[in-house]
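In what follows, structures are represented as structure tokens.
In what comes next, chain A is part of two complexes: it sits with chain B in the first one and with chain C in the second one.
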Partner chain A sequence: MNMYLHELKVYRKSTIIWTCSIIALIVLMMSLFTSFSKDAELVQEMMHNFPEAMQKALGLSTLDMTSLLGYYGYLFTFILICGAIQAMNLGVGILSAEVREKTADFLLVKPVTRKKIITSKLLAALTCVVITNVLYLVAVIIRISAFKSYEYSMKLLIMISLSLFFIQLIFFSLGFIISVVVRKIKSVLPVSLGIVFGMYILNALGSAIGDEKIRYISPFRYFDVTYILENEAYEVPFMIISIVFVIIAIVASYILYSKKDINAF
Partner chain B sequence: MNVFLKELKSHRKSLIIWCVCIVLLIAMGMTKYGAFVKTGESVEEMFEALPDAMKGIFGFGTLNITEVMGYYGIFFLYFVLMATIHAAMLGASIISKEERDKTVEFLYTKPATRNKIITSKILAAFVNVLIFNITTLISSIIIVGAYNKGESVNSDIIMLMGAMFILQLMFMFIGTGIAATTKKPKLATSISTGILLFTYMLSIAVDISDKLEKFKYITPFKYFDAKILISGEGFEAIYIVLSVVIIAVFSSMTFIFYKKRDLNV
Partner chain C sequence: MSIIEINNLTKYYGKARGIIDVSFNVEEGEIFGFIGPNGAGKSTTIRTLLSLIYPTSGNAKIFGKDCIEYGPEIRQDIGYLPSEVFYYDNMKVIDLLKYSASFYKKDSSKRINELAEIMDLDLTKKIDDLSFGNKKKVGIVQGLLHEPKLIILDEPTSGLDPLMQQKFFDLILEENKKGATVLFSSHILGEVQKLCNRVAIIKEGRIIKVEDIKTLQESNYKKFKVEATTGLDKGYFDIAGVNNLETKNNIISFIFSGDINLIVEKLSEIKIANLWVEEPSLEEIFMHYYKKED
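The block that comes next holds the complex of A and B.
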């Protein structure tokens, strides 16, 4: 419990900053919708005239940008990037901080098992992620309900927004396993930025060139907005991949960290 | 000279990783160009009919994506994003890592002035950035050349890489400037990449809405637009001036503030 509270305190400030900037970002971007939707109907017509191969290649086959949720879904990618970086930072940082700050020997000689240490740290990080998501969800619902003249489905809005949580979980556990495997991480940000942006660019390229296989590598389109809007559901195979990945990563972290040779100097 | 060589050596591995990534990225993007271009010329006409806001949001602008250079121009933004992240993190960490890794007292008790040490460090970062840029340039020329059927586009690529180099320098100096001024050396990388992400998101917002037009002077990502550069209009004088000013301000900030810095031991 002590460790849990201490970690929460350590990450309080960064969680507040991340949450505020993510909310500010979506509020700002959504307020551009009205000026954007003026062009909307004209565009809509044109889109249907595109050859199908072209539509697919551009990745805009069904994402209806003229609707509130379509536009939100497009912007959501940027929210995902921010969220992924936050989660990855947490994941990479929370265990490796002890070695980096040379506090590992202090912590590990305390009468607690390593498993317990991992559990409290995991829970603390999870709490930060959950807080971010809850606040984000509330902010988005308030912001979008301010558009009175547009119709949208609340269920879909929540489903899209909730995928932020899943993406964060994936990146968090990826970061966590990396921090356990790598002997010593000198600086968190290059690792997490590199991986998140690598995945993002991979996904952007993948959808621009219409390559479906890339989807399995980069989590950014595991929860495809187009698919959610169309089917009111998440895609089952990607859902399974995510769950399996998160579980494997966390279990492996427990096993590996219990045996890890901790660098105390 | 010693510091310079030492820095080059310690950043060698990460530079190689970055270079390999960018080459792979270019290769991946261009391999699909062949398949993409088959959708034919009718697409081109439709693109021209699209309203500006719509083009902005997909990042096409006035680029003709059925031409090899137009296609390359879209990916240019991603190259720039990668290159500037590399530059900003490099600039921030090369200055702040001595304090972070607690090697600062070792280094600054050596018989060399702070100015001299900072100069060597910045030179080392400069060489890294330059190598990254040249790698991108050469691999672009080779890979794009392989897909190009029309006239040579090498001069366009060189111009784009020139623009990328200015952006890289700008963010490198923003990184060093922030590392020299912040009280907490650990935050230097986070703050500089935060600025980078903020300006990147801002550039997207400017693309979406006309109302934000004025903000294009704040975000460096709007200074060198691939569509304008390729269309033959070349660099705009005002942006060159702005870039030089930014670079001058942040580089002098680095030297002035670092000289008086209370080093964290």
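The block that comes next holds the complex of A and C.
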């Protein structure tokens, strides 16, 4: 419990900043919807003049941008990128911080098992992610319900928004296992930015060339908005992959970290 | 009872040598010195005892229990002071110490204040703002606040001024009197001589010798360098107790252990331009050990 509270304190500030930024981003972008929808046909026509590959890469081809959720679903990609970076930062940073900031000699000679250290840190990170998602969801519902003259399904809105949580879990686990496997991570941000943008570009490429296999590598379209809007469901195979990946990454982290040599600096 | 029992402990970092076949025991209530030059394997041994790293082969027991298997339980009664101390920079000293104390079953708040007073440490400051010496003091308080039965010190005195060093030694001696066993690693022989009952000497990953400190004290090593005014035969100083005899540009150097008056007498009979008498470095004493073993 003491470690959990300590970690929460350490990550309090960054969680607040990330959450506020993500909320500000979506609220601002959503407020452009009214003016956007007025000229929607024009805009959509213009977009359809883009080369087809580019439309696909940007995720424009399949979403109806004149509907509230279609527009939201398009913007949601940017929220996912931000959320992925936040989660990746947490994952890469929370355990490796002890080595990077040379505090491992303090924490690991305390009468606690390494498993307990991992559990505390995982729970603290999970708390941060949950807080971010709850506040985000509340903010989005309030913002979207302000568009009184448009119809939308609350269930679909929540389903789309909730996928932020799953994406964050995936990127957190990925960051966590990386931090355990790599001997020493000197700086967190380049690692997480690199991987998140790498994954995003990979996904955009995959969409552009229409390669379905790439969808399995990059998590960004595990929870495809178009699919959710059409089927009112998540895609089962990707749901399973997500769950299996998170479990394997976390279990492997426990095993590997318990055997890891913590070298002097 | 042996508090620490190390049996054939070996650690390789990949192919790089850490320690090879290290064995020694530390008995209850003693202050045990662990001495060797930098890179000899002192920290590797200590980090294995604390299960920060895992041995390649061999094992170690603390309080009669395997130090890996029962690590968390054993560490309840270990206090550790690393050579370089780093703490969460954003915290205040008192918050860090309270965080540290929260890992132990005892209530340590009284002891924290006592120790802070002895070490003259300001508890309200932020760790970030502390000097190196003051961070070290935080380390000392942090290592002792739960009144551990075994205190492990890894080159603890670097960065402490002489006055603080003395206070620190007094503190360790007091803890020792109260029953704590101490493992004290250092590369400074004088320090170890002052404090310890027995000493293990490690070089290049292997234990060369485990010796009573009295034996070391009797062999009181001094390093002499004599610059003669006229050409002097180096054989002049070749008497019993002299080792590592060397001549370079009219300067004769050697290490001497024994009755110092013998050398003074010798010196009084010749004209000298300059004279240095120094504490020999460990390396030089080690060389002496090797020679004896040959």
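Simple rule for what comes next: the second predicted complex is superposed on the first by the 243 of 265 C-alpha atoms of A that agree within 3 Å, B and C clash if a C-alpha of one lies under 4 Å from a C-alpha of the other, contacts with A are read in each partner's own complex, and residues count from 1 in each chain.
The criterion applied here is as follows: contacts are C-beta pairs under 8 Å (C-beta built on N, C-alpha and C of every residue); 3 or more make two chains touch, one makes a residue touch a chain.
Remember, predicted model here, so these are calculated numbers, not experimental data.
Chemist: Touch test for A:Y216: chain B only (first), chain C only (second), both, or neither?
Modeler: After superposition on chain A, A:Y216 lies in contact with neither partner.
Chemist: In the overlaid three-chain picture, which partner chain does A:I201 touch, first (chain B) or second (chain C), both, or neither?
Modeler: Once the two structures are laid over each other on A, A:I201 reaches chain B alone.
Chemist: Looking at A:P111 after the superposition, I want to know if it touches chain B, chain C, both of them or none. Which is it: first, second, both, neither?
Modeler: second
Chemist: For the three-chain arrangement built by superposition, which of chain B and chain C touches the greater number of chain A residues?
Modeler: Comparing touch counts on chain A for chain B and chain C gives B.
Chemist: A:F36 in the overlay: touching chain B, chain C, both, or neither? Say first, second, both or neither.
Modeler: After superposition on chain A, A:F36 lies in contact with chain B alone.
Chemist: Mind listing the chain C positions that touch chain A in their complex?
Modeler: 13, 43, 47, 50, 52-54, 71-76, 78, 80, 82, 84-90, 99-100, 102-104, 142
Chemist: For chain A, which residues are in contact with chain B within the complex?
Modeler: Checking each residue of chain A against chain B gives 25, 28-29, 32, 35-36, 39, 42-43, 46, 49-51, 53-54, 57-58, 60, 65, 74, 78, 82, 186-187, 189-190, 193, 197-198, 201, 204-205, 208-211.
Chemist: Tell me, which parts of chain A touch chain C in their complex?
Modeler: 2, 6, 10, 101-106, 108-113, 116, 259, 261-265
Chemist: Using the touch definition from the top, list the residues of chain B that touch chain A in their complex.
Modeler: Result: residues 14, 21, 25, 28-29, 32, 35-36, 39-40, 42-43, 46, 49-51, 53-54, 57-58, 74-75, 78, 81-82, 85, 89, 93, 97, 100-101, 189-190, 193, 197, 201, 204-205, 208-212 of chain B touch chain A.
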